[in-house]
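Each of the two complexes below includes chain A, the first together with chain B, the second together with chain C.
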Partner chain A sequence: MPGLPSSVDLDECISRLYKKELLAESVIEAICAKTKELLMRESNVVHVKAPVTVVGDIHGQFYDLIEIFRIGGFCPDTNYLFLGDYVDRGMFSVETISLLVCLKLRYPNRLHLIRGNHESRGVTQSYGFYTECSRKYGNANVWHHFTDMFDYLTLSVVIDDRIFCVHGGLSPSIHSIDQIKIIDRFREIPHEGPMADLVWSDPDPERDEFSLSPRGAGYTFGSQVVKKFLDVNKMDHILRAHQLCQEGYQTLFDNQLSTVWSAPNYCYRCGNMASVLEVGENGDRMFNVFDAAPENDQVKDMQMGQDKMGEQGQLPDYFL
Partner chain B sequence: MERPPPPPFSSPSPSSQTNLPSTSSFLPPPASIPRPPSPVQPPPRSHTQSNFTITTLKAPILKSHPIDALQSRLGIPIPEMIFGDNHFTLLHTPSSYSLTFSAEPALDLVDKTGSTGLLKVHYATAWSATREKTSAGIKEVVKPFDWSYTTSYRGSETPSQQGKKLEKDEKARIPVELLQRRDPILFADEVVLYESELDDNGVSILSVKVRVMQARMLVLCRFFLRLDNVLCRVRDTRVYVDFGEERVVREYTAREGEFGEVKKKLYMEGLMPDQITIAFRDANQIAHLLPVVEHEVESVCLKEEAGQGQEGR
Partner chain C sequence: MEPPPPPAPQSPASQSPPISQLPRLEILTPTQLSTGNCFGPLQKCINSGPDVSFFLGSKAYKDIMTWITQLNHSLVPRSSVDTARPVSFPLTPNRKDWSEPVRKLRELLQKAEGLMGDAPPEENKNRRFGNGSCRVWHRLLQERVGGWLGELGEGWGERVKEELKGYFLGSWGDKGRLDYGTGHELSFLAFLGGLWKLGYFGEREGQEGQEAEREIVLGVVEPYLEVARKLITTYTLEPAGSHGVWGLDDHSFVPYIFGSAQFTRPISSTRLEPTPVEGSCPGAPKPASVTSKQTVEDYRKTNMYFGAIGFIYDVKKGPFWEHSPMLFDISGIKDGWGKINKGMVKMYRAEVLGKFPVVQHFGFGGLWRWEQDPELAREAGGQSVHVQSQPQSSGTGQGGVTGGTKAPWAMGGVTGGMGGPSGGQVSMPRPTDGGVVAPTGFPRGSGVPVPRGGTPNTGPLEQTSFPRGGGGMHDKVGGNQFSVTKAPWAKD
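Entry: the complex of A and B
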């Protein structure tokens, strides 16, 4: 595998990104190209060993990502598995995904990145990442580099052959792990089919089987679906993200499924806690709960201004 | 608050990577920033202007137990961002008349059976056509309800001790010209009641804004729905209070327009594609482009009549 251009020093990039500095467009281009090559060789189902710390949705909340490293340990001292949704909503999607991608390139076996439903061209155009790239770089090239790379992210990870990890959930088209392995994943996330289900579906604790969403697209899956999937694949737990929980995590179906949510005070106004799930060598699971990093306060007014007040910015708001 | 202790991880297993270079050179120094308090419930904010008291409460989203309880009371799944403790309350102290805005009664007005005809995401037809091949066995639809959380909520009213309450008043109007003056704002707040990302098919949000000036105040409770490539909806409840007359006017305006039409109008206003994307996130840039589908004005005068009838009118 050819190396990065000699002008790109990964350690220096990582060091700058920890300080929340942006990388040059040409560097992003080189890094994304390199990451594609790396990801291309990953299976749709990546097998990893514990100990590993599992992280849910980040959504561009850069300061909270750094808080996760402070709490859980920095890379590569701690192994990480990220369950997707790195971008959109928060103020620093570019910095967040830049850092994660550089860490992935630098420590490819210590850090794994799963694709979330926001790692897609369609969704990022509506929910902030596209706008942020254009604003910070003056054009959409960086957005193209990143979203082209997203097409190569893996869809699932299995920890110690026991824990199945995915962004959203299960699919009626998938009974065994082998059926995930044959998906052609190198593409934009489709609206339907198993690949869509893996990144989109939600558990429904009140049901047994798959159900259709009243929205006219998408599924929820119930307790029997979870049980069957775990039996068939000889596993004992499903770990996913995708849904906001006030406590930072939620376990369902007799502890057969956990949701881990890692964006505290989501959208800078929900006031929720966040967590990371630490899977130990003996397979035990421990939620490490945390709340928003103190640095968020520095940009709070900006966040609220951008988010809620439109162009006028500051108070007083003479709304009519 | 103490920082949580570092987790008890063993050193990385040698199998996955060896010869790790020292990383200390680019790691930021360990943080010694004092921990902020946990997101505790802030106290309510309150402001009194003549005979009226305005109170707002902004709390974090509900925890899972209150969510379960609320869900079973309402009988529908609730939006993921549910600010169930938040409220805005307007109280007329002498008469105990009040008008409150909070999430639960607003959600109670959402169509819980789908009887009004359910909205579908724009790719629903394509989706159901293709899925028939792979998963034809799944027929069960999660209990149908209006998942867009459209509500015609205008607030929860408690009549005065004398039984006065808002009544239809075609002649009443909110004096926009007085509200356009830059009178000093003595109290202002914005309270979100609920919000849903509709599984990334748009946004549905109900929020209340208030501004209080010396002689008058305005409340805007706005429901905004954007269902991508389908439609936009705005349901505005404006409450105007004239402190001198002790009169409350409530104006309800429902607007709705097809997504493509709104997009066309934004384009006609000279917005570039990028700006159109941003405009679609901001109800203020959308509302005036939507045709009005319903409009109603009510009023109530809370002044003690003191045997003189309606003075000053």
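Entry: the complex of A and C
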């Protein structure tokens, strides 16, 4: 096994990744190690200033990530906040998370990455990222590097002291954001408790309070919960992702909470739009809605797919 | 239709030995029906990973597998004594002469479908994704289903009907989340299996021709799938727990089992043979032809596998190999539809019945019993592969009951899936030096937090503001290159 490279040229990595080329395993290892060092210094609640463009779930839809940069501006000309769920389900989770991590290392104050419920060993084992890493690299090492790094991603961001940003939602164990700061987050996402709730919960416009989520993890929370949280923390908006939206976004509870969803035509079929939310310097919020990237529709050479997927030996074991 | 290839030569040695009897779901005796208070509203029993292990050794699990393999076997083509061509069992959309029980179920499905006319999708720009009118449809169904089920059979007690109603209502997706997936499909199979147990389809002991089972699949399961697809498209139901490109299908599974059975190698029509595990029926299209939209069009009305793939073509954009790579890889199988069928049954056991997120919603009662099956318990030897990917409830250790994976229908143990750790071949996340041990599966229960590396910075607030505007090519903190600090023992 080759050792670590003596140095990593991030600009070269980034330009390769923009072309959807994979990085070498040893480079991924080095990049993940460096990213851990960087993320370790971030608080569980990172404070940032507008202007910033906020992005929801990507789920390995690499072409659509590039479309976001084409629409919203490339790094570092635009500041970005990603709300998690970079991997699983889509075909290009490795390329997606590789690019985002390189951009984070290259421009650490211009791009922030929050942890989503899919940035976890347990979930990625079932929903594709593990399989994708194994197929594209021939072993699971890269999956280990990435998922070890996921343990260091921050849990929330506050924009201009006014907008609370998280992947899933609120938790009955969290009233004040100070309670988020004391979570020991450097770990696999637990099955329950405040850390799990932040990445798993959903708003429920039909309710006022918390109730158990039908997902089997986290809670649903209603209007009174949102109002109280914003009052206590002297904020005016909650911004989250985690749920598919037909129009690319949804605003609830008298404009106190928004869901932003950034995977257009989810799973190649849902026909949904996607959006990014641009928060301006004066605090105004504008959803920039977009459709699936043209690359998704191009008739691609099947050979290309087979190269990517390998030939035989890619059958699920059930069929061997 | 392609010209039929010559029938594969079958040497006696390659033929499967006759079997004495097919596993079939037992019909409950009047005594079983009248005793006990086990019938009633369905009970949720699967709340954590160990519960899934128990389920995999339960009577309910054993019966579900028996039911599926029984239905599956009925669809296998039979060699005919009268003609050179085997008899196969395609879908017959225009058939009218269904047996009475099947005809009544088809009417039930039509009535359920008809309710969509009374609950047209709403125009609501502020909806999130699924159309809220689906909840109206669910409400109408709930209001009427009691009466409809009453018309199906007489003499069932209220508590038995309550169970049937639970499975039927659970067959159409989640009305809260507005999604649909294989768990709902399973609920419909449980509804039909429940009817079988109640003798609704008649006392069919000794019917080796399996006409009753065949009618259930072709005459009821397929129309059910069609109604479900219409629900999905009418109300834009989300794929429940889809694995995206890394799963078989966003919504359904059983049409791939039954459809591959329809195309598999013929078995004898006069003596009992097990379901073939390789080979195809003469005249069946090649598995590879699923990538041809035209061939799929040609077969989707007569074969359930192609019917399911036809629906994928209806709803998905982009190249087939990209949006459906698993089906694409399976289409490369050279050993025929029998091999595909065998794999589908194995995969169903592991990926549907063995997965907490799917079966956590399954309800139990007197028809499908939450009780340890003595036979499965006896056969359960080693650690079930299912168990590995299950969540743990707080304070409960893994272990205890292991899933029974060997049963009369078993064809070797379940082996892995897409090669993930749950597949049983790849070990769990490696324990790293003082590293993070991964709890697996879905949340609930305790995790094992052991941070690696430095101490968490949860103290004073770190105000990292974005610099304004562009031109950050030379960010102080970032920078293009970083050097890698190597351990003393690292080699260049």
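As a convention for this text, the second predicted complex is superposed on the first by the 286 of 320 C-alpha atoms of A that agree within 3 Å, B and C clash if a C-alpha of one lies under 4 Å from a C-alpha of the other, contacts with A are read in each partner's own complex, and residues count from 1 in each chain.
Note that contacts are C-beta pairs under 8 Å (C-beta built on N, C-alpha and C of every residue); 3 or more make two chains touch, one makes a residue touch a chain.
Remember, it's a predicted structure, so these values are computed and weren't measured experimentally.
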When chain B and chain C are modelled together on chain A, clash or fit: clash
First, second, both or neither for A:72, with chain B first and chain C second: first
Which superposed partner A:211 touches (first chain B, second chain C, both, neither): first
Contacts of A:179 with chain B and chain C, given as first, second, both or neither: neither
Chain B versus chain C, judged by how many residues of chain A each one touches: C
Chain B versus chain C as contact partner of A:144, first or second or both or neither: second
Contacts of A:256 with chain B and chain C, given as first, second, both or neither: neither
Partner chain in contact with A:219 - chain B first, chain C second, else both or neither: first
Partner chain in contact with A:7 - chain B first, chain C second, else both or neither: second
Chain B versus chain C as contact partner of A:294, first or second or both or neither: first
Chain B region in steric overlap with chain C, selected from 40-48, 76-84 or 130-138: 76-84
Residues on chain A lying within both footprints (that of chain B and that of chain C): 11, 49, 51, 76-79, 107, 109-110, 123, 125-127, 130-131, 134, 191-192, 200, 214, 216-218, 243-247, 250, 265, 267, 269-272, 281, 292, 297, 315-320
Residues of chain C defined as touching chain A within the complex: 125-129, 174, 176-177, 236, 238-239, 242-247, 250, 315-319, 321-323, 325-326, 328-330, 332-333, 339-340, 342-344, 346-347, 350, 355-357, 360, 389, 391-392, 394, 414-423, 425-426, 429-430, 432, 435-454, 456-459, 461-473, 475, 477-484, 486, 490-492
Residue ranges of chain A in contact with chain B within the complex: 11-12, 14-15, 18-19, 49, 51, 53, 66, 70-79, 107, 109-110, 117-118, 123, 125-127, 130-131, 134, 172-173, 191-193, 200, 204, 207, 209-220, 243-247, 250, 265-267, 269-273, 278, 281, 286, 288, 290-292, 294-295, 297, 308, 310, 315-320
Contacting residues of chain A [partner chain C, same complex]: 3-11, 30, 33-34, 36-37, 40-52, 59-60, 76-79, 88-91, 105-110, 121-123, 125-128, 130-132, 134-135, 140, 144, 147-148, 151-152, 181-192, 196, 200, 214, 216-218, 243-247, 250-251, 259, 265, 267-272, 281, 292, 296-297, 299-300, 302, 305-306, 309, 312, 314-320
Footprint of chain A on chain B - complex, ascending: 3-4, 6-7, 9-13, 15-17, 20-21, 23, 25-28, 30-31, 33-36, 38-39, 59-64, 67, 80-81, 114, 118-121, 123-128, 130-131, 134-135, 137-145, 147, 176, 179-180, 182, 185, 188, 190, 192, 198-202, 209, 211, 218, 220, 228, 274, 277-278, 280, 282, 284-285
